[in-house]
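In what comes next, subunit A is part of two complexes: it sits with subunit B in the first one and with subunit C in the second one.
Up next, the complex of A and B:
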């Protein structure tokens, strides 16, 4: 690669890298489920951009839409099933502070240390090489069994989740017989006991 | 530099793209006005239709912006900008003439698909960040609606990539020099138009911003921010029209006239179809649309990819 390109590539790498870390940090500092979800998405988008810089364009771009869909699903399900209505109320986003901080710092240090310790091979990629086709043959060739197993497992999980959360089931409505809580506090206490 | 052999990229294409977006947005507004007059039975008034979008835009610019209680100060104004930027990003992979594109990358249709998915995130965040109930419901509608035809759009786009044996939009256009994709697998274009209506929140699929939600995600938005949102919706429609023209109608290919003229003509025709659909097709109920998207449209997209695959076999 010519040095001009590599300077811009380096600058872009640092910009995306810092943005990915910054948004990753925001995930834990924000007070809303939705903000945390989409801060995580922003972090992933920056990681995807770094993958595009590494000429893994298909994987990088795929990361964009995969993570966009996943975080959108998270926005629906995690928020829908939480006591915090629609993620609009401020809430504490972390628990087990001390353990989480130690585990996070240790993992980051470990992985970052690995980056310095490992002697990475220096094999410049031929830009014109058809990396996307190679990836396709890999996924649909030697890794076929793994990919298909993962696919079927994910599908079964999704169907299971939908069945469990469905209001209508084989034995009738899941909320049959339930009554909304009374608006009168004393009545509510009685109902509870 | 071997990069040139992989990416058809032209810096001059950037101002062209911006002109296409702005001109297209204006054209959509004018066409929409004209169709509205035709459909309502009054005599279409071209002069009035040409002036009205400018007047409306000026009015929105002068309007004061309403505020809600504790909106998300960053996401709320950023969402319309992100929506418009995603429309432009999707269009950036489409060549306007042979070898003339902002970035005709190897993964063109994947980039377009990623922009489409992020569109639903932008619409959701726009609805969510207003901190108002109806806007929030609109936002959730956008996600749910998006999920029901994201797969559909992906299969349709893979269908156009199969005969080209490439994900690049330039290659996809070139592969149609013998026969347009709309003839090769006729199911693709109508399905793609449905996706376009959904991504631009247009006509029958204007569910997140619909009137029965008192405007939904835009219910609380006025002034310049509203103008930006309406601009972004139309820009998205333009993006889908140019993509439909390139992926199904041979893009810039055509005899006698220069390539860009062909692409322009086909894109305007697609825009006219979008606008006409917006006026002629009744609004759908969100639940009913979801059910039909999964049970009717998705199987149709399987059929489309099957036809495209069989046709593409050597």
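Up next, the complex of A and C:
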């Protein structure tokens, strides 16, 4: 199937696309933090659906699963850290609001204008290409180093997240004996020794 | 569904994300802004892969690297939120006034 062909594909694309942007907007407009999290999840699911329409089935499905789990974790964090998880009281926790609106609108206008103004190469996906198989051969073939780097980076991220968030280290408090770095280089050497 | 319309939707997501990341006070809400930005970047990546590169497999690999960026952003973001909350008792940007110890 060519991603550019049918009318139904077009209709589905516009439905998913507008829903993705609308739910993204709802994230910052709702009072309930849990609802904001699920609005973000809905935005991701719609983008995943567009990816499937574009025949990137593996990436779209990966996005579904990854975001379902990540947003579940985020909802827990929202309930744990925010004072108004259920949205029972109206609230507006924003700063530099006008500047943010202008920056967001300018980013949108600039990028959208770029998308329409630049003459990108028009080389659509080859019809009936097995994109998942191609990706598999690419990952297990010439791009294996990329995959291995991703694995090591994720391992480093896991270690970093545990180091940052753990309260206790092996020999007591995780920040025991830690001092702010001095601005004076000689003092810094002394602190280190 | 053309490349330009796909990039339009991606630009919408990135624009909303920039607004959120700049305007929100809560750390977790700022992270949501970042996630929306990456969401738009992923969509643009897949759009280019499908409509401008004739389905070049390395394009999909590049999008997977984008997913990696999102995973790192979420994991390190949550870890930093926990760390700052423990050290400063702060859950908003207004609650901290310096990056040092």
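Side notes on the structure shown:
Please note the rule applied: the second predicted complex is superposed on the first by the 133 of 193 C-alpha atoms of A that agree within 3 Å, B and C clash if a C-alpha of one lies under 4 Å from a C-alpha of the other, contacts with A are read in each partner's own complex, and residues count from 1 in each chain.
Here is the rule we use: a contact is a pair of C-beta atoms (placed from the backbone, for glycine too) under 8 Å apart; a residue touches a chain by one contact, two chains touch by 3 or more.
As the structure is a computational prediction, the values presented were derived from the model and not from experiment.
After overlaying the two complexes on the shared chain, residue contacts for A:139 are found with subunit C alone; subunit B is out of touch. Of the two partner chains placed around the shared chain by superposition, subunit B and subunit C are both touched by A:126.
In the superposition on chain A, contact of A:101 is made with subunit C only, not with subunit B. In the superposition on chain A, A:41 makes contact with subunit B only, while subunit C stays out of contact range. In the superposition on chain A, A:178 makes contact with subunit C only, not with subunit B. Which of subunit B and subunit C touches more residues of subunit A: that partner is C. With both structures placed on the common chain, the touch criterion links A:65 to subunit B but leaves subunit C unconnected.
Residue contacts after overlaying the shared chain place A:49 against neither subunit B nor subunit C. On subunit A, the surface touched by subunit B in one complex and the surface touched by subunit C in the other have residues 58, 62, 73, 126 in common. Against subunit B, the residues of subunit A that register as touching in their complex are 2, 5, 34-35, 38, 41, 57-58, 61-62, 64-65, 68-69, 71-73, 75-76, 86-88, 126-128, 132.
The residues of subunit C lying in touch with subunit A in their complex are 1-20, 22-29, 31-33, 35-36, 39, 42-43, 46-55, 57-58, 60-61, 63-65, 67-68, 70-72, 74-76, 78-83, 85-87, 91-94, 100-101.
Listing the residues of subunit B that touch subunit A in their complex gives 1-3, 5-6, 72, 75, 105-107, 110-111, 113-114, 116-118, 120-121, 124-125, 128, 131, 136, 140, 143-144, 146-147, 150, 167.
Listing the residues of subunit A that touch subunit C in their complex gives 3-4, 9-10, 13-14, 17-18, 20-21, 24-25, 27-28, 33, 36-37, 40, 43-44, 47, 50-51, 53-56, 58-59, 62-63, 66, 70, 73-74, 77-78, 81-82, 93-97, 99-101, 103-105, 107-112, 114-116, 120-126, 129, 131, 134-135, 137-139, 143, 146-147, 150, 153-154, 157-158, 160-165, 167, 175, 178-181.
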